[in-house]
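Note that chain A is present in both complexes that follow, paired respectively with chain B and with chain C.
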Partner chain A sequence: MLELYILLIFMIVAAVVAVEIKDLLSSVVAVGAVGLALSIAFLVLKAPDVAITQLVVEILCLIILIRATLRKDLPFSTSGRWFLNTLITVIFISLFLMVAAKCFKDLPEFGYPTMKVASTYLKEGFEKTGAANIVASVILDYRAYDTLGEATVLFTAVIGVLAIVRRIGRKKVGEKVRDEDEPR
Partner chain B sequence: MSKEHEQGMSLIVKTITRLTVGLILLYGIYIVSHGHVSPGGGFAGGVIIALSFVHLMLAYGKEVALSKLPKQASSFFESMGAIMFLAIALLGFTGGYFFLNFLSKGEPFKLFSAGVIPLYNIAISLKVGAGLFAIFVALVLLKFESEKK
Partner chain C sequence: MLVYLLCLLLFSIGIYCILRKRNIIKIIVGVIISEYAVNMFFVLVAYRMEGRSPVFSPESQIENMVDALPQAVVLTAIVIGLATTALLIALAMRIYDKYGTFDITKIRELRG
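And now, the complex of A and B:
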């Protein structure tokens, strides 16, 4: 468990750095460090499926952030009422920690007991679906509706991005669009 | 920076990319097709396949990458993956209900096992790979145009 706590502390430090640092590129790199530590944490918790997905999605997000959206000179606005902001933040964090300390006492221990439905999947999943990877049998057989909804969300997201970002969607009133990338 | 969108990066990057990009694509296909016997699956494999095309685009510029996988082709593959997923789910009605695993289970731990789960993986990988590459292309072209002005 010790390496898990080290990873958690590293993630928290990297997240604070990502918020507080002035340079945007360094901030993106710090966000990448959070994602890398999270994928290693999944690996420590023996969830290689989630670790692989987290790693590759993190890489793609970083590439998109650095390559496609980041400009060199985006200014940060840090002036203003820092005292009031810090005070409100500290009050809310301490309130949250107080409530959390009360709630976490009643929770069961980390990872125990395995839930009822999940234990049924673990016992019968292999014989019923024939898939050696239990994660595949859950997400594509028992919980296939979840996967269908997730696929719909991704499909809608892609359609939305393409509809907003493509050249025809950004033309001014009365402007003629001649773009070789668009299908006519 | 905007020159790189047209011509790509230096000769060293291009040579390394030429050697590695096929292996990355092959690894993505492996992750997809073995999703039901080893860690991985449609989503992770699809992202790796998209990353291989993104790699090509970063190293060689947008012309080469878009000639390998044009925008129309990626939107076709994305819709095809979604329709394939739904069609396999609907085929379950031949035996009873939606999402029924109607193929034979086969021998466990072999590549051809677990009924329709590998087919679902392939459909999801088509959808995810083509969709994420399309988003990347759209955002890069947007940035390129705004820099040109």
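And now, the complex of A and C:
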């Protein structure tokens, strides 16, 4: 499991770089490094379908982010109550980490899952659904409503994006429009 | 157990970025990082020692498959994460058009 540790530490380092670097485009590229390392980590953890999806989604996400940040850089302002804000944030996060570390004791040991539900899928999945890939049989057969809900969320998000990026709604008769709202 | 803690550390970095940074793009970056950490955690919980990927093959009988259910859940979550990220970025670009800045402290006054 050494490669998993190496990947996780690489992801943490890349995430710190993404958070702390000044240049926005470099930050976005560092997020891309995190996502691609995550994709490889999924492969190591024996989840090939998830790895493929992660790769595609990561590249799409990066394209959108770069489109948003290109030639729109601005210097950071660290004025104001810098120390107090950082202190409160660090206290909150360390409190959260302590509570979560306590909760990890109740989880099953890494590498030995309980597999109460999945054992049924693994046993009967092939006979009942005819799909050789168990993940596909779960998302498209056992939990097909889940996938339908996912499609609904996607559709809603697309409608939201369209509504946001559209310059202006329908004009009333005789309504004056300011120059900056004019569709280009 | 150390793997879980490292994964949680990644999540904490994302949370720190959301809480502390003022640039909207940085906040989106924090959301993305914490989302990756949660996805990673689900797949970590599903892993089984010496496991095989949950795909049957016609030749050999495979006994020790990893847990397929969290993988299916994560597959859904990744795509939804892309949709929400796109929505966030659309909002950020609209704010930039309106106010000419990504700094959240500068976006004070409301303009219709």
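Assume the second predicted complex is superposed on the first by the 158 of 184 C-alpha atoms of A that agree within 3 Å, B and C clash if a C-alpha of one lies under 4 Å from a C-alpha of the other, contacts with A are read in each partner's own complex, and residues count from 1 in each chain.
The rule is short, and it goes like this: a contact is a pair of C-beta atoms (placed from the backbone, for glycine too) under 8 Å apart; a residue touches a chain by one contact, two chains touch by 3 or more.
Computed from a prediction, not measured in an experiment: that's the story for all the values here.
Q: Which holds for A:Val135: it touches chain B only (first), chain C only (second), both, or neither?
A: both
Q: Based on the superposed arrangement, let me know which partner A:Ala144 touches: chain B (first), chain C (second), both, or neither?
A: first
Q: What is the contact status of A:Val165 with respect to chain B (first) and chain C (second): first, second, both, or neither?
A: A:Val165 sits against chain B and chain C alike.
Q: A:Ile63 contacts which: chain B (first), chain C (second), both, neither?
A: The first partner, chain B, only.
Q: Once chain A of both complexes is superposed, is A:Ile40 in touch with chain B (first), chain C (second), both, or neither?
A: A:Ile40 sits against neither chain B nor chain C.
Q: Have a look and say if chain B or chain C is in touch with more residues of chain A.
A: When the residues of chain A touched by each partner are counted, C comes out ahead.
Q: Starting from the residues of chain A touching chain B, keep only those that also touch chain C in the other complex, and list them.
A: 48-49, 53, 57, 60, 64, 68-69, 126, 132-133, 135, 139, 147, 154, 157-158, 161, 165
Q: Can you check the complex and tell me which residues of chain B touch chain A?
A: Residues of chain B touching chain A: 31, 35-41, 43-44, 47-48, 50-51, 54, 58, 66, 71-72, 75, 78, 82, 85-86, 89, 99, 101, 105-106, 108-109, 113-117, 120-121, 124, 127-128, 131-132, 134-136, 138-143, 145.
Q: Which of the residues in chain C end up touching chain A in this complex?
A: Per the stated touch rule, the residues are 1-10, 12-17, 19-23, 25-26, 28-30, 32-33, 36, 39-40, 43-49, 51-57, 65-69, 71-76, 78-87, 89-94, 96-97, 101-103, 105.
Q: What part of chain A is in contact with chain C in the complex they form?
A: 1, 4-5, 8-9, 11-12, 15-16, 18-19, 24, 27-28, 31, 34-35, 38, 41-42, 45-50, 53-54, 57, 60-61, 64-65, 68-69, 72, 74, 76-77, 80, 85-86, 89-90, 92-93, 96-97, 100-101, 104, 107-113, 115, 117-118, 121-122, 125-126, 132-135, 138-139, 143, 146-147, 150, 153-154, 157-158, 160-161, 164-165, 180
Q: Spell out the residues on chain A that touch chain B in their complex, using ranges where they run on.
A: Its residues touching chain B are 48-49, 51-53, 56-57, 59-60, 63-64, 67-69, 126, 129-133, 135-137, 139-141, 144-145, 147-148, 151-152, 154-155, 157-158, 161-162, 165-167, 181, 183.
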